[in-house]
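In order of appearance the chains are A, B, C and D, and numbering begins at 1 in each one.
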Amino acid sequence: MTATVSGSQTVLQLEGVTKRFGGFTAVDNVSFDLPAGTIGGLIGPNGAGKTTLFNTLAGMIQLDAGQVVLNRTPIHTLPPHQIFKAGLARTFQIPRPFREMTVLENVMTAPANQAGEKFWNNLLRPRKVAREEQALREQALSIIDFCDLSRVSADAAASLSGGQLKLLELARVLMSEPEIILLDEPAAGVNPSLMVTLVDKITELNRRGYTFLIIEHNMDVVMSICDPIMVMARGRLIYHGDAAGARQDPAVLDAYLGDLP
Amino acid sequence: MLLQHIADGVLSGAVVALGAIGLSFAMKILRFANFSHSELLTWGAYFALVFLGFTTAFSDFFGGNIGPLSFGWPLLIAMVLSAVATSVLALVLHALVFEKLGRGAGHMTMVFASFGIALLLRHVVVLIWGPNPIYYSNELQFAVLLPGNVRVMPDQVFLLGLTIVLVVSLHLFMTRSRAGIAMRGVSENPDLARVSGVNVDNVVRWVWVIGASMAAIAGVLYGLTVQLRPELGFGLILPLFAAAILGGAGSMYGAVIGGLVVGLSENLSVMIIPTTYKPAVPFLLILLILYFRPDGLFGERR
Amino acid sequence: MFIRQLSAALAFAALFFGGMAHAADCPVKLGGVLPVSGPMGQVGERISTTGQFAVDHFNAAGGVKGCDVEYVLRDTQGQSTVGVDAAKSLVDLEGVQALIGAVSSGVSLPILTSVAVPSEITQVSCCSSSESFTELAKSGDTNGYWFRTYATNRSQSAMGALLTTKSDFKKTAVIYVNTDFGVGLAKRFEQDIPKLGGSITKMVAYNESQQSYRAEVTSALEGNPDSLFLVAFPVDGATITREWLALGGTDNLIVNNSLRSTDYFEAVGTKYLQNLQGYDSAQPRLPSVATFNELFEAEFDGPPNGPGLHSVYDAVTVVLLAMEASDEITGANIRDNIRKVTSVDGEEVYPGPEGIKRAKALIAEGKTIRYVGATGALSFDENGDVQAPKMTWKLEGDENIETAYYTEKEVAELIIKLDN
Amino acid sequence: MIGVISYLVFFLILALIFSIAVLGLNLQWGYTGLFNAGVAGFIAVGAYTMAIMTGPSREAVMGGFELPFVVGLLGAMCTAGFAALVVGLITLRLKDEYLAVATFGIAVTIQLVCLNWEYVTGGTLGLISIPNPAKPLTDGPLAQNSVFLLIVVGVGGIAFWSLERIVQSPWGRMLKAIREDADAAASLGKSPTRIRLESFVLGCMLMGLSGALYVAFIGYVSPSDFLPIVTFQIWTMLIVGGSANNRGAVLGAIIVWGVWTSSGYVISKLVPTEIQAQGGAMQAVLIGLILVLMLLCRPRGLIGERMNVSRHARI
């Protein structure tokens, strides 16, 4: 167990997070801190409970015990949309774009509390909405540009490739300038050249001050950009430390036995 | 009168229970609210009428009515054949419409398609058999007076007994057979079942077959105790949904208990509210359940 | 963009409908708006064929002013929107000056208020019984364009009450259809029966087209009634009767006129209905009725048992006679002449091709006539309502037998007695 | 020719009144993915509100306020919106299908209430003599109907214009995001429950508006105006015209109502009277078939959804 809150540097703090499905404990008493400005890597064999943990952090699944604190605010009781407003944004293992909307529309949807999201503002204060939309559009286009999606910005999201969808999800969460971004297997199903781009974007964003927590199976990616590394197996957190330590940890090796080539 | 209303409620609830089993599985495993399910009851009832026409040619061979019941073996045989025919109909609908839609569009499009199919099925019945009511037998069966001044028809007691037998057999099927166990697996956790090598397509077909067979039997029994008319199933949509939601989607026993509760509350309601408001009772039940226990009495809370 | 689509649609529609509109003098068109499909389809279908039957008779007698009459039938599907649209297209596109229909008051009323009255078209219904029409006529909102050949609920409930008490039934349960027709009739019955010495054990309303009426029947059985007054239409009526009898209800049944229908008798089984009694409008002992019945039996291989058959025949015939009597066939002329062809001091004429030939000859001579039709002598009051003679009937074996006959005067006296 | 024009005016009034309800449904289904199986119920609420608020006083029935037409329209929208709010609060946080079942149920219940609550609705007799706003303005049926058509076009135009503004806005963008993937939208800070409720209530208010215009035009309201088949007609209009497109919704209303009425015409011409009962069933089978085929082969309808970003931010 982590003992104390380590000052303002900790962005995300988990304490005894537990989730059961019937008799099966998917996430078992997981606790760790994630300092600001890091890229945390969450790894573990299939069925270890990583995605369930993400879903719990993002509020899509109610946890059974424990707590989640984001910048000293407990967020585990909030619904998903308020967790997002509190500053925790996530992407999905299998990308979930708004398929029948354009890339630009997808990205412009993201920011919370837009004036135009109240329908009466569109009828009563159209000028204010228009001004805000202009600003949003500028911001969205620059993020789309950063994510190398400019060419497809007017296309329907449904027409994008797997790798482009990963970038689109990244672009979407960037719109809101979150405190921490949870990426669920960003490299899965992405062709190698696009993967390099993706890793570059993540490290670039990290340099600009973004904090990440990443689930990833591609060990090259994890070992090259993640620190600290958390390893889960059968719902438990079995390792928390640096990359070099993870390679030698007997429990980690044991958990991966048969999973790694 | 209280006892009579309770007896009526249990007996009419049995039909709802049988019909709701299929609907409940559909909501859980096929993952859409199938508004055309109630039409399977209608088709089941009319299919049996067709088969009954064939079997009456051999009526000498089968002898007369069974005990105090208003029908003989031909109707029971027709009922089994009707269950088969209704299953085929359901599988055809699945293959032609729902399978395609389920793959492409969202599940709400399937709900909508089921609306259209319900209309279609209902009016095809009108085209084939005409709009007027039909009876399996024009003889009238008189109710037997039981202690407590309760009157029940022997056919209805048979209906209740058959419901119990069917539910027990279904239970055995679900717990003993490979297909049944796979069905439970998919119902509880589809993703897990898929990765454990369960053939989900097969399970889906089983769901249609079981649902359609139960619906056909319910339709025949309902037609037997009252009459056949094209709106037979249409009028049962709300009771069926109320039973399925009350029991918790995917729970067989839930559906059965739900059916009985719906039957009882419909019949008992006329003691306190005007009979003309009776059709709204299942709806009020649905609202109450959804408000207090969104996953049904027996469903697992998410 | 949108305007372009709209005008394209309009142009298309104009093209489509434009080809159909032609208002030549021959044939003379008569519009029918009846529920051929939908919940009332079974009833409506027989009514519409009987309407055609009446038109055929008129044509056999030489038609209206030497023109064949074309009976243009449109289906309301029992829906008010569809009915209103059907009526409007009959008026605007077919150029009809009179409408026959509809069956349900819920369809006839919107047709009257939104089509017939504004377009000055005479509307005659065979079957709509709602008291709202009388109310509307009294307030002057119908401009006299509304008629019905169906006697209103007032006399019906009185006959039901009379029949019940004459049979010495003391405790009567009432099951009635939850429509304007059923509710109006049953409520009147509830008021009438104590005045004749009977009593009500329970009033139970039912909604149409349900699969089973067990709960309603069980409720009605409370208080051990010695008789049941059933206000229903044949399909649901049969369901209720079967469940009533199966659950041990008495077979002392009194039923309203719409159950005087072969469909009903056959669905329940006549052997269970030997204590059934009913009443009906006007099967008076007049040659006119016998003529109609004979002609009908010859045409359809069965007696005209069923709601609305007699009255739709008269509705059609009266309208056509009124057209014959008009210089120019307009809605207003038809409206005015309907009273001329049913005037009390006119010379009596009867249904069937022969009767109509005679009527036409009399009209040509400029004489006033009194059409005495399938429902007897029609006399419309200022609200377009008729009073009709009544009869009571029962079943004996499969035969439907008249048991008593009440003239209009006797019915009127009965009503006065009950209203005081 | 006058007859044809007169009929077309009449036809357009009804079709455009329907189209307002279709617009409401389009907001719910086309843009938000909400399945409202109780359209007829909400139309009925609006219709009766109009009848009670603007109608003359009657014996033993509530109402007789004789309020102006416009007040009736607004009142109808409010009561329909309120009914939607109640249903929405209970069901919108749950799985999608429950809304379908609950709205189907509420339509049945509203119809029963119309039928049985005599003090408010006049029961089975319905309510008569509801004033037509065009009547005091002109004389003659064609002139009156033309004025009424203008009123419908005006009211429908305002509804259309407002809808276009709000669906092509950040709010509309949220609706579509919820429709596409509610979980993903929630992970981006949108509250699916609140947004669905707003869309559901607004859509039902339009249905109420459509009901109010209908009774003002017909002058009479009764429970038989709101059979479940009405819901089905409105749905077919939307699917044929194209969901998530307001132009498609209006076009669908005109086409489907045209087909519905003219197929009645064709059947009355072609099918012999004796088997016309079957003809009606054939019509229903045909419409059901068109609907299912439309869903299978051309799910976007005649005019599908247009990709856009925002009125203010076209690329």
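Throughout what follows, a residue touches a chain if its C-beta (ideal position, glycine included) is under 8 Å from a C-beta of that chain, and two chains touch if they have at least 3 such contacts.
Computed from a prediction, not measured in an experiment: that's the story for all the values here.
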| item | value |
| --- | --- |
| Centre-most chain [mean C-alpha coordinates] | D |
| Maximum centroid distance from subunit B, chain identifier (CA atoms) | A |
| Pair of chains joined by the greatest number of C-beta pairs in contact | C-D |
| Approximate Å spacing (C-alpha centroids) for the pair subunit A, subunit B | 46 |
| Whole-Å separation of chain centres (CA-atom averages), subunit B against subunit C | 39 |
| Centre-of-Cα separation between subunit D and subunit B, whole angstrom | 32 |
| Sites on subunit C at which at least two other chains make contact | 37, 41-42, 178, 207 |
| Multi-partner residues of subunit B (at least 2 other chains) | 131, 274, 276, 279 |
| Residue ranges of subunit D in contact with subunit B within the complex | 33, 35, 37, 90-91, 93-94, 96-98, 100-102, 104-106, 108-109, 112, 115-116, 232, 235, 239, 277-278, 281-282, 284-285, 287-289, 291-292, 295-296, 299 |
| In the complex, subunit B residues that touch subunit D | 27, 32-33, 35, 97, 100-101, 104-109, 111-113, 115-117, 119-120, 122-124, 126-127, 130-131, 237-238, 241, 245, 274, 276-277, 279-280, 282-284, 286-287, 290-291, 294 |
| Interface residues, subunit D side, partner subunit C - complex | 1, 3-4, 6-8, 10-12, 14, 112, 115-116, 123-126, 128-129, 141, 144-145, 214, 217-220, 222-225, 227, 229-230, 247, 250-251, 254-255, 258, 260-262, 264-265, 267-268, 273-274, 276-281, 283 |
| Residues on subunit A engaged by subunit D in the complex (per definition of touch) | 58-60, 79-82, 84-85, 89-90, 92, 96-102, 104-105, 108-119, 122-123, 126, 129-130, 132-134, 136-137, 153-154, 156, 172-173, 176 |
| Contact set on subunit D toward subunit A in their complex | 162, 165-166, 169-171, 173-174, 176-177, 179-181, 183-192, 198, 202, 244, 305, 307-313, 315 |
